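One chain, subunit A, links the two complexes that follow: it is found with subunit B in the first and with subunit C in the second.
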Partner chain A sequence: MKDNNSQKHKAIKILSESKDNKLVTHLNSCVHCGLCAESCIYYLTTKDEKFIPARKVNLISSLYQRYCTFTGKHFPFLTGARNLNEEIIDEMVDQLFGACTLCGRCNMHCSVGVDISYVVRAGRKMLSEMGFVPATLQSTVNAAIQTGNNMSIPVEEFTDTLSWLEEDLRDEVNDPHASIPLNVQNTNILYTLNPREPKFFPLSISAMAKIFYAAKEIWTLSTSMYDVTNYAYYTSNNNEAEVIAERLYNEMLKLKAKRCVLAECGHGSRAFRWEAPNYLRKSFPFEVITSVELLAEYISKGRIKLDKNLNKETITLHDPCNLVREGGIIEQQRYILRNAANNFIEMTPYGIDNFCCGGGGGQLSMSEYNERRMKIAEIKTEQIRKTGAAIVATPCHNCVDQLIQIDNKFKLGVKIKTLAEIVADAIVLE
Partner chain B sequence: MKIDGKEFEVDGDGFLSDPYIWNEEVAVLFAKYDGIEELNEKHWAIIKFIRKNWEETGMAPMIRSICKDTGLKLREIYQLFPLGPARGACRVAGLPKPDGCV
Partner chain C sequence: MTYYQLISLIAFLICFLSLSYHFFRLVRLGLPKDYSRKTGNLKSAVTYSFTGAMNPLKKESAYLHLPTYTAGILYHTGTFISIVLFFLFFFDIKLSYALRLILICVMIVSGISGIGIFIKRTMTKKLRLLSNPDDYISNLIVTVFQIFTLIVLFQESFIPYYFICAALLFLYLPLGKLKHSLYFFAARYHLGFYYGWRRVWPVKSNKQIK
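Take a look at the complex of A and B:
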């Protein structure tokens, strides 16, 4: 346990000197109705009251009371104010990092509209200032900052992997000139990747390359900055989030691409498309879209031709929280699946009321809370089982990994695929 | 973590806390825990290559290198290790958990 007063002071400053009116309002608005409890996968699967989202807000508002209000400063016992000490820090780490996927489902169900995950992120920011980010999560941020991608892939191994995939692409489309272009300037699209794609799961890269080929797109990948993730979004360390976001921003300017297309990655899309202009304090002179929107656009404009009979198995869809509930990208993935597959069925609930897979909010990388992560996954498991689908599609690599683990642990017998893989399988080349 | 009466010190994700205590018996037991009842020649080729790469470079190899060295197809590797190269093969090979979305 670190006990450093200047670090604590910095953490309290997040509350006391905050010009963030939203935070102050949302910290002080909870009416303790308890509706959020039934929306949270941690509470629903454990019935442990400490996991009720309002309790998480309460941890931070009790500190706000103690250090930022007259009564709390002078008569803390009257307001439930708490000192920032070892005890509350342990509770904050356990509940804000270890028991929240930032899925935002509680926000939707809050009777007075408190943005609970916003408050949780402010709590994570305080912990980050004090050096209490779980080691496994921080190590992924460090890898990204030190090596340029969160899996520390050396450039040479990355380029070797892409030329290997390029050969496969040429075989697949039967065209010796088909390519995966690298570091090309003035293209329509700079495409990004989740580093787990080149490292371990490249089928989605091959799929997107085939789609770009079919759409006759002018696109490129960058070998120096392709990582779509930004794990500093999860640690709420905005300085580190800014470093990572600025690299992609600069790469866009360097390569003079018109659009930045974000790979199927929930938090990465959120971090670069919706948060990064705030991290960098500027609006972007280029367009940023998710590949989900791009695929829908290719289909609606007739730039790719699909035969949905090529995907015969029943497919259900898992909605990544960051894209759907937070980002409002809801219809495009359904439009894609209805056009690319014969039999698409929804799980219940779906869309903005869907349940998190359990791997969000950085949980997938935090080994410390692995047991809880698999416990909260019981809800998603039952949702999938009830559909009877053979394939679960999801436009998020983080969700893909969690769903692979769910499939293995709970013996679902389903295949997990990205949207690009499903679209690529349905493509008819002209 | 206890498998077949043997106790292993692991991280929260079930990766060996001390990768240096790994041996082939550990691989067999870890695989069993994931539902792989028997490790065949192809499994071993993957495990041994991953292990060698980690001992030499401190890193898990890229999937491309695994395919190239073992001569196996990508999809075959996913079938052999249903949890994938990271949580499946690297864990059985006794490596620490890789960073990132795995």
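Take a look at the complex of A and C:
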């Protein structure tokens, strides 16, 4: 452990000087009934008791008890109050970073109503204060802060990619004037991207560009700030999260776009739409929506025409936790798929009861937990297998990555697609 | 007022003041503040948090563990009735024979539930690893209080011991997890606020998802 009492003191202050009604409430609410166990994919796949969500809460509440309550200060044995030491820090890193995808499934099923993932994030914040964020996850945050996007893509490389995507778009829609606009002011939409798109999945950018073209949308991308992700949300370092969020906020103001449309990225959507205003402590003077809502809007308003016969294969949907359970986008993706595909079937369970794919909470960045991440994916694998679908659609690039790995490891033989790709495949250009 | 009533009254006041401290601390910390743009309905979501979201058919913690969940509900019902009866006994309010019989039945079931929950915590590895002394003491002290309530419903001469037991419960309540008698409501409120702000709650039925 880093020998730094001031860091420990700062971590304890997160609990002892908390002015957060919600945190104080949830730290005092768990009754250790253990009924949350079966809601957690880590416990379900390993049956290891240390992964029970209540045990994760207990790591933080035991510190709260020790340093912030009469009983814990004077009779620590009674409530299991613990000192902040090397042993508990190791447990916290392993269980709060390495064994929680922040999927929030346990919150909904907690018999009391403890927001378990909120408490886990408070624990991650304490670890962040003490410098115990796994280096692999922190490096993703550092890349975003230092280069403007979490994959450190140079601007030239980004614009080159967009340039050939624009050529492809012109060929596909047979219009030499079709374009992917860059840094245009006063548009209706500033569209963001997950940096995985220009780096690994450029076809999802093409798909969205084709949709914008079909909808005759006035939109733009920014070359200086397009990254929808904010991995500092996962490290719970609010100062770093604020830096990243402020860049996109400022870009919106600079380009004077009316709406910020967040690419298909679960945590990115959550981080900018729901968390960023709180990081920055101000309400945004522009609208922030997800591309899922935008696609549903285009279809319902007749701005794009779809022929669902163009998507003949059976499609199932994986609900990204941050978008659905933590973001309230529940119906739109179903509406889109029913209009864009011939045969859409649900997994069981689905919607707000869905199981995480295993890639959330920063797990995809933390390679030290890869084995565990693929173990917890067994549940999603079985869900997909039972549907018999040929395509798994998901509006989240993190989930896309994890689902591709699931497909490879468990030989599912499915294709993984974003919603934009499925909609673009069904578009009828007039 | 007898000495044992006085002891239980003092214990109750200490308990009440301690819980009031917790309550007013939460009030002082204020309601949640969220700068993001609300898309849902807070009132209906908070209501849902206390009603529909507690529906055992919608909670895995309930429908996957029906015996434990049922025992928990009965146990908490018994606890609530015991607290009400404490005041009736304290003010020497007489109960009808029929009501006594009903309460005796309820308290027997509730007491058995409490003992069952205690045994489960003791015997299940998953729960033992999760438990600390407070979990056992809280369970025991409430169960004993319920059993003493039951005995008093049979045998009024037991009342001095009953009030001493009540005093112990009241003194212990603010120290450990029994505080959830207050924090439970705050937790449900916060959960309702959180999901309501984002239009996750109230949940639409699957048939409503088009």
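Basically, the second predicted complex is superposed on the first by the 430 of 430 C-alpha atoms of A that agree within 3 Å, B and C clash if a C-alpha of one lies under 4 Å from a C-alpha of the other, contacts with A are read in each partner's own complex, and residues count from 1 in each chain.
Heads up, the rule we're going with is that contacts are C-beta pairs under 8 Å (C-beta built on N, C-alpha and C of every residue); 3 or more make two chains touch, one makes a residue touch a chain.
These numbers come from a predicted model, not from an experiment.
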Given the touch rule stated above, what does A:150 touch, subunit B (first), subunit C (second), both, or neither? first
According to the stated criteria, A:274 is in contact with first (subunit B), second (subunit C), both, or neither; which is it? second
Between subunit B and subunit C, more residues of subunit A are touched by C
Applying the touch criterion given at the start, work out whether A:167 contacts subunit B, subunit C, both or neither, answering first, second, both or neither. neither
So, A:86: does it touch subunit B (first), subunit C (second), both, or neither? neither
First (subunit B), second (subunit C), both or neither: which does A:313 touch? neither
Who does A:48 touch here: subunit B (first), subunit C (second), both, or neither? neither
Mind working out whether A:229 is in touch with subunit B, subunit C, both or neither, as first, second, both or neither? first
Under the touch definition given earlier, write down the residues of subunit A that touch subunit B in their complex. 136, 139-140, 143, 150-153, 157, 160-161, 164, 194-196, 198-203, 229, 265, 364-371, 397-398, 401, 404-405, 407-408
In their shared complex, at which residues does subunit B touch subunit A? 11-15, 34-35, 59-60, 62-65, 67-68, 74, 82-87, 97-102
In the complex, go through subunit C and note every residue touching subunit A. 22, 25-26, 29-32, 34-37, 39-40, 49, 53, 59-62, 64-65, 68-69, 72, 124-127, 129-135, 137, 175-177, 179-180, 183-184, 186-188, 190-191, 194-195, 198-200, 203-204, 206, 209-210
Provide the residue numbers of subunit A that touch subunit C in the complex, in ascending order. 19-22, 24-26, 28-39, 49-50, 52, 54-55, 58, 70-71, 75, 77-80, 107-115, 118, 273-278, 280-284, 287-288, 324-328, 330-331, 334-335, 338, 351-352
